[in-house]
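Chain naming follows the written order as A, B, C and D, and within any one chain the residues start at number 1.
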Amino acid sequence: MEQHNEEEHNYISERTKWKRQLYRIIFKSDTKLGKLFDIILLVLILLSTFIVMMESVKVIDAKLHILFIVLEVIITMFFTIEYILRILVIRNKRNYIFSFFGIIDFLAILPFYLSLFFPITKYFLIIRMLRMLRIFRILNLMDFMNDGYLIVRALKNSSRKIYIFLLFLIIFSVIVGSMMLMVEGHREGFESIPQSIYWAVVTVTTVGYGDVSPGTPLGKFLSVLLMLAGYSIIAVPTGIVTAEMRNKRQNFELVCPRCGNDDVDDDARYCKKCGEKIL
Amino acid sequence: MEQHNEEEHNYISERTKWKRQLYRIIFKSDTKLGKLFDIILLVLILLSTFIVMMESVKVIDAKLHILFIVLEVIITMFFTIEYILRILVIRNKRNYIFSFFGIIDFLAILPFYLSLFFPITKYFLIIRMLRMLRIFRILNLMDFMNDGYLIVRALKNSSRKIYIFLLFLIIFSVIVGSMMLMVEGHREGFESIPQSIYWAVVTVTTVGYGDVSPGTPLGKFLSVLLMLAGYSIIAVPTGIVTAEMRNKRQNFELVCPRCGNDDVDDDARYCKKCGEKIL
Amino acid sequence: MEQHNEEEHNYISERTKWKRQLYRIIFKSDTKLGKLFDIILLVLILLSTFIVMMESVKVIDAKLHILFIVLEVIITMFFTIEYILRILVIRNKRNYIFSFFGIIDFLAILPFYLSLFFPITKYFLIIRMLRMLRIFRILNLMDFMNDGYLIVRALKNSSRKIYIFLLFLIIFSVIVGSMMLMVEGHREGFESIPQSIYWAVVTVTTVGYGDVSPGTPLGKFLSVLLMLAGYSIIAVPTGIVTAEMRNKRQNFELVCPRCGNDDVDDDARYCKKCGEKIL
Amino acid sequence: MEQHNEEEHNYISERTKWKRQLYRIIFKSDTKLGKLFDIILLVLILLSTFIVMMESVKVIDAKLHILFIVLEVIITMFFTIEYILRILVIRNKRNYIFSFFGIIDFLAILPFYLSLFFPITKYFLIIRMLRMLRIFRILNLMDFMNDGYLIVRALKNSSRKIYIFLLFLIIFSVIVGSMMLMVEGHREGFESIPQSIYWAVVTVTTVGYGDVSPGTPLGKFLSVLLMLAGYSIIAVPTGIVTAEMRNKRQNFELVCPRCGNDDVDDDARYCKKCGEKIL
């Protein structure tokens, strides 16, 4: 860490030209080759995800098992080379390796090498599927993620409220679930509190599988109340996020020229932070 | 194309009177005959769609097969004549033929003529149902579609955000689906990743068919989390579209020429900030 | 009608005192007796609705049939007397009789008298249930309906947009339904276009009974797309109504003192209709 | 009550030091010990709730019955001591005992002592689950509930509108349910009006268990209408709460003393209309 500045200093002399060029191709998307690389990567990620999916379907796997393994080897080779190159060309190697995408890149090739030494288990599957998250890296480069960040930010800003709401909802479901246990008298699907809570959440979120449904008149009456509650209070998270999003839209528009306050409403004539005239 | 202006120029002299009149009746809705034509067309479209539907019900088709065929022939004749007339009376024939509605008009009569030469297959059905889209042409003429355009525009403007949201949702469903495959241990409905993803989408969108539902306690616990997530994040597309709609109401329109206030409503005659006359 | 003004004129002299008092008790809610009358009426309506419901449950009806009939006779007597009194004490009898509540009041007693001459059929049931609508009359008097009118107005103002949206949704469901017919190949629940449309609406509205669900992989894939569509576009009616409600809130606040314009925003400093300074 | 002021007066001298200290630990969260106490309490509440849940699962209870009883006794002892201490250290004892949390605290220990004298019935279960509500007390202390209050207040302020909406919805469901009884002709699940209403609510709230679903074509058609209605009018509670939340953000707060502008954000230090200093 302490030699970071020094590194910075000798940047141009130290780094060979091909490293700089490779860096631009692999990490950036502002050259023709860089874009081509991104598209190849995107195709390989999608293909690789698709293969993992198809492998899990027994009928298809029986027919195409060899093809899947060959493709998996080729793609893993590509990902491995890519991973090594990424480490080679980046300056701050440790930062990359332990970054979110660094770990995802590593996890994308790990299962293959593990499977050489250990028997393949079903737990490999989920790790292999995590490759899919690499899509976000490319979308990021392709300038597709601004809107994504907006959504994430709106969710993050309202997350506290949504957690509280979910807590209310869960406690409500737990209590209604417990009541149903008494009402339905340990009928099928209402044998224990956890099962009744499962039913209550299925109902209040309006999912309604129907694998568990009330049998007694009183149980049906309680269900009806629960459904109406679920149907009404879905307004709460919606209201929270909508209010947050509306807020976000505005922040974008204006910035106070004096104090840099970026929370200036459309219709403000003075900065609300420093009193500077804006319009 | 280059002779377009010339055509424009000689408009009145070149075109015979009946062509102009027919054009007004068929393509416009500002004369009595034009309105009558629209209403007849609307009735025929609805009738024809209804016939295709009823034909697909075996019990009904068995009884009324002859009637359906006769009506189909009559309506197709009308649509054919209408299609020929449309081409005849319009000046820019190529534009019409390859326009959205031109293709729909053609597809409305195509299945009948194809069925004279080829055996009828189930693929004809869907093409015949596309006739229904012709309803929009008439609604358009009848000034009914302004609100429709507003909705379409709000959806289009927020489509980028909604696509990103759907991408998040799909990737989320894929990962949760893969996890359920491990958790539920290849039970019925969780045999492969695609099937688990199907379950995950059924759950997160709160559809909840119930044809696949978790059987193990851990699976039920994961389902509950997925349901709560689906119940909460429905707020996101709602928030996006609501913010967009509110925006549409405002920004669409006018800016005050004096003070630059862009929050001027449709029906405002004076700027609400500086009192400037706008209309 | 032509003697209406005259009637108005001689109002006090013509009308006997008891008619005026009864009118106030029955039609208004600003006296002690009037409030008592409303509460008795409310209880009787609820009781009567409850009886109709319970009568339809065979097990309960078997036990309490006599009680239900006695109560029904008593309540109908009360409603009949009330109906006659209403006609007696109101000045504009025709207006009342053919008003919405006048018809509801009449339908509340009709089934009983019809049942004296005709055998009781199941169609009587729904007419008897319409009594329930009389609740709104009392809520109206009790000043409970202001918020109701707000909701109704917001729905009415956005109804055009919602109809267009529903039209889009229905046409979309019809086309997807037709496609599923081809894809699922006349499997159970997808035998005809109407049945496929039923499935499509069940899916797109996220109801998801599960009585019909796709069986083929391609069918499941299409279903997933339909669910995601349904989950996203629920944002549209929500956005429409929310925008409308927000609008409504504002209209209430301020009124321009010069031109009476009631569409004045919170932050307006000039009336947008006539340019009058407001604050 | 009348000696309240006097009590207040002699506050410092009368109350022993340990009472004041204990009060701060138990009722406040601004000391290290106070925070520790809260965390221990939170853990015990969660543990205790978890035990009640697990006890209801027969398979688990069979194995761990003794452990559960021992833990229950220990936790109840702790809660009892806590309850007694709370009464001891608080000045206004009656207020506490009959407050919401006072009753919840009492109900948390009641079932255990009752079970010493009476046989345990299933009704004990629900009372024991009510302990969970004690979580809110701790969240409250931990400053987590500000957002919760916002949600509750938004719901409370819009509750009148939501009740009216629910009334509409219920009456609508009752009438549609009654119609379905006639249409479906007493088929399974539509035997009586209450059962039909159950189906109607299941459908209109988009829960869609599928335990009852229409069998006749006309019934399916009516269901489709009901689903589309339910899918559209969910916009109403959402619109109500969203409008309320947006309002809360604004009106709650401040009014500019100079220009009377009431659209002043939480974090504003100057009025955005006239530039007046606010804070």
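Simple rule for what comes next: a contact is a pair of C-beta atoms (placed from the backbone, for glycine too) under 8 Å apart; a residue touches a chain by one contact, two chains touch by 3 or more.
No experiment lies behind these values; they were computed from the predicted model shown.
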item	value
Magnitude of the superposing rotation for subunit B and subunit C (Cα, nearest 5°)	90
Interface numbering overlap (same over half, different under half) for subunit A and subunit B	different
More contacts between chains, A-D or A-C	A-D
Rounded Å distance, subunit A centre to subunit D centre (Cα mean)	30
Separation of subunit A from subunit C, taking each centre as the mean of its C-alpha atoms, in whole Å	43
Contacts with 2+ other chains: residues of subunit A	165, 194, 197, 206-210, 230, 234, 238-240, 242, 246, 267, 269
Partner subunit C, residues of subunit A touching it in the complex	206-210, 238, 242, 267
Subunit C residues within the subunit D interface of the complex	49, 52-53, 56-58, 122-123, 125-126, 129-130, 132-133, 135, 139, 144-145, 147-148, 150-151, 154-155, 162, 165-166, 169-170, 194-195, 197-198, 201-202, 204-211, 230, 234, 237-242, 244-246, 249, 266-267, 269, 279
Subunit A residues within the subunit D interface of the complex	160-161, 164-165, 167-168, 171, 174-175, 178-179, 181-182, 185, 191-194, 197, 203, 206-210, 213, 217, 220, 223-224, 227-228, 230-236, 238-240, 242-243, 246-247, 263-265, 267-275, 277
